[in-house]
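Order of writing sets the chain letters: A, B and C. Residues in each chain are counted from 1.
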């Protein structure tokens, strides 16, 4: 792949200062870019690195200039998806590998790719251009929409419904029985899980996640939501649209999360909690009660982030404060 | 599957108010149930949802009544395992798939199922009706008891001993070498792991868990214990009977956990700790010292739950309290 | 395998007190060792267990003695790697299984092992004696150095560079796209990841980990670093040499971790943080700011461990302290 600077400027809506016909064949960071590469400078302080380096061309925020060929854009971060997509290797995955084992009564269009050692149960319905990487196992009666990509060794259990343009990364387990038991004396009796999981369009799920099907009805992850790796979404959970959930977060059973929430890594949400729209939960937050919309929370138990920050700061000053108060209180300091 | 109401009432020990010969063919939640479905009402407040909906029949707690066909039970939650089992699809898994690769000197009864692309080492001994789903890898000298189910892509390393009626869900890694190294100057030298793992009868392990074998001797998970997904059980750990461990919990090396303990999600237990019988650890608890039996703990470092709750509440009030005390102490408030 | 005591003493540099020709064929813990086994006594208090048990020979710390055949070593823990290696079963893995699917233009020496149902893309370059266990999937243009071991069902994505003597345990996902999105109004747009991952010599990675490739450039894990299971290393992270990271820790994007750091389990490090050399982070620490070298930290937000311990202790005494101060302050205790 190689592009003329004017082609790139057109694609990212940039104003070009430099030779329009100059060609670059790659993109890299300011320190690593070669003279055939273009690079992006996110912060003014990194411009000198790009200038000292070999980069053949530079993308800059409006207002900055350089002696090298460059193009100006309003927001260098915002153009990243488009720019990097230009240079992305697009491997053509197509055809059904001869080692794939496919059940009865499946609909798999010719535009799909089914990789080696994939196992698919009965009655699967795949949309156009679905990519199923090597080693994936899919149960019975699963639906997958157009243009979805199922990563290596992913498991999708029976009756799961996966939307369009969904990406599930390697090793994730989708639609298995949840952690549901009924106590009988000292023993636990398994509760069968008759529900399923619905993953709507444009959702992305990271690697080695575990997303359980519902006991009855459906576990739902709504349109546009992005989930990082090693996340648990337990049975009967509903996650809204355009939510972002960072790695190692755990959402317990029957939780409802509103639209456009953002969760940091290692957050925990206890079962049956409702989290309102546009809530931001900082990393490691432990949510044990309902959260109103537009909250910004942190700590365990979760509280407003500012309050938590203040409490943590106070806590650190406590030993000293106590000393002072004891003195004022006429106590001797032998605590 | 369809059942007459009197058949269901018999199965769950309910008192039927309605036509005994009426048939239902499914079960769902009060809002989703169709007129051919039965539903359960767990809380009185949900009865009106079931009545407004299409449910053909309802299961209610003793004392409640409705105009629809219904049956009364003492504890609607307690009958869930039996009731849902009636409607569970029982897929018959049987036979050894022609693509399964099985080592020398293995004992695999005809009642077992070995799925596609399974690899089993030498000297495996499987009990009756064991189900090994597609993509599982089993090392040498592994024993698995009657009626156990090994989920898709599970790894069971050599010398593991798995009991009867054990369920291991997709992607879990059982019996691998633990995280054991010896420091030599600045470098870490691996300590080989010669031990194994013993998983007793009726244990269930979630998806993508990691349970290490012992350095010497055995890592042990005892009868009836239930472990959720993405849990680590490190080398040489002993977990008692009928313990429940929620998702993303990590148990470090050589820990001993007593019987009937309950751990919330994301709990961490430091190495060599002893946790007494019937201890309840709230989610995200960090255990760094031994815990006496019947404790209820939370926080990091773990302490009695009530004490922790009180401390957290006090912490939030601190900034205000300090202001008051400063005033009382004759200090100006410029902290 | 069986060894004369003098052979073992030579190997571990021990002083033998007992019959040099006496043979042992195994090793176990003091309580489980048989009369054909040798055992190690780490603490003086365990010597009586070894003496009452059946152990045929004992390894003791200098200064201790027993009536059984024994050998003295300076540090019984330090000799574990060598001693256990003597008794480790060395299964010979060799040859390319006929079911392995290997792309075009790959270099795979005859000394390598490629297990059943492995899938390798184009242009792979494997060193001598590389072991690739069953079910592994490797993308295009991957390099793996001499003597590395890739566990069952591991995924290694395209362009990954793996050094010599690296061990990656079962189910880990190496080099996938990171959690990188650009917000466009309410929606998230994926940022393509054009970078790769470099794992240097002598690194070990546990099971079911997720290590992302860089957006541009490389995610790097340097020589000798050991990572436990279920750990996330996000895109663009740099981890130094001889670092140890315990289970379920999450390292967010673009973090830089110095040499010889030690991280406990369930630690979280926020994106773009720099952690200095030889920092020790206790389990569950939440790092949200840069950390100077040689720090010992704990808590969320991370602070010096001693300070945190003191603050936590004070917190527990707070309710009582407040009561006392209120009294001294002339307030009534109705908080």
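Just so it is clear, a residue touches a chain if its C-beta (ideal position, glycine included) is under 8 Å from a C-beta of that chain, and two chains touch if they have at least 3 such contacts.
Just so we're clear, the structure is a prediction, and the values are computed from it rather than from any experiment.
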Joint neighbours of chain C and chain B, given as chain labels: A
Since chain A and chain C are copies that touch, is their contact same (over half of the numbers shared) or different (under half)? different
Taking each chain's centre as the mean position of its Cα atoms, how many Å separate chain A from chain C? 25
Mark out which residues of chain B touch at least two other chains, giving numbers and ranges. 117, 135, 153, 171, 208, 230, 248, 266, 284, 315, 318, 325, 328-329
Within the complex, chain C is touched by chain B residues 101, 117, 119, 135, 137, 140, 153, 155, 157-158, 171, 173, 176-177, 179, 181-182, 184, 186-194, 208-210, 212, 215-217, 230, 232, 234, 248, 250, 252, 266, 268, 270, 284, 286, 288, 300-301, 303, 307, 310-311, 314-315, 317-318, 321, 324-325, 328-329
Contact footprint of chain B on chain C as seen in their complex: 27-29, 32, 77-78, 80-81, 84-85, 87-89, 91, 99, 115-117, 133-135, 151-153, 167, 169-171, 202, 204, 206-208, 224, 226, 228-230, 241-242, 244, 246-248, 260, 264-266, 283-284, 299, 312, 315-316, 318-319, 322, 325, 328-331, 335
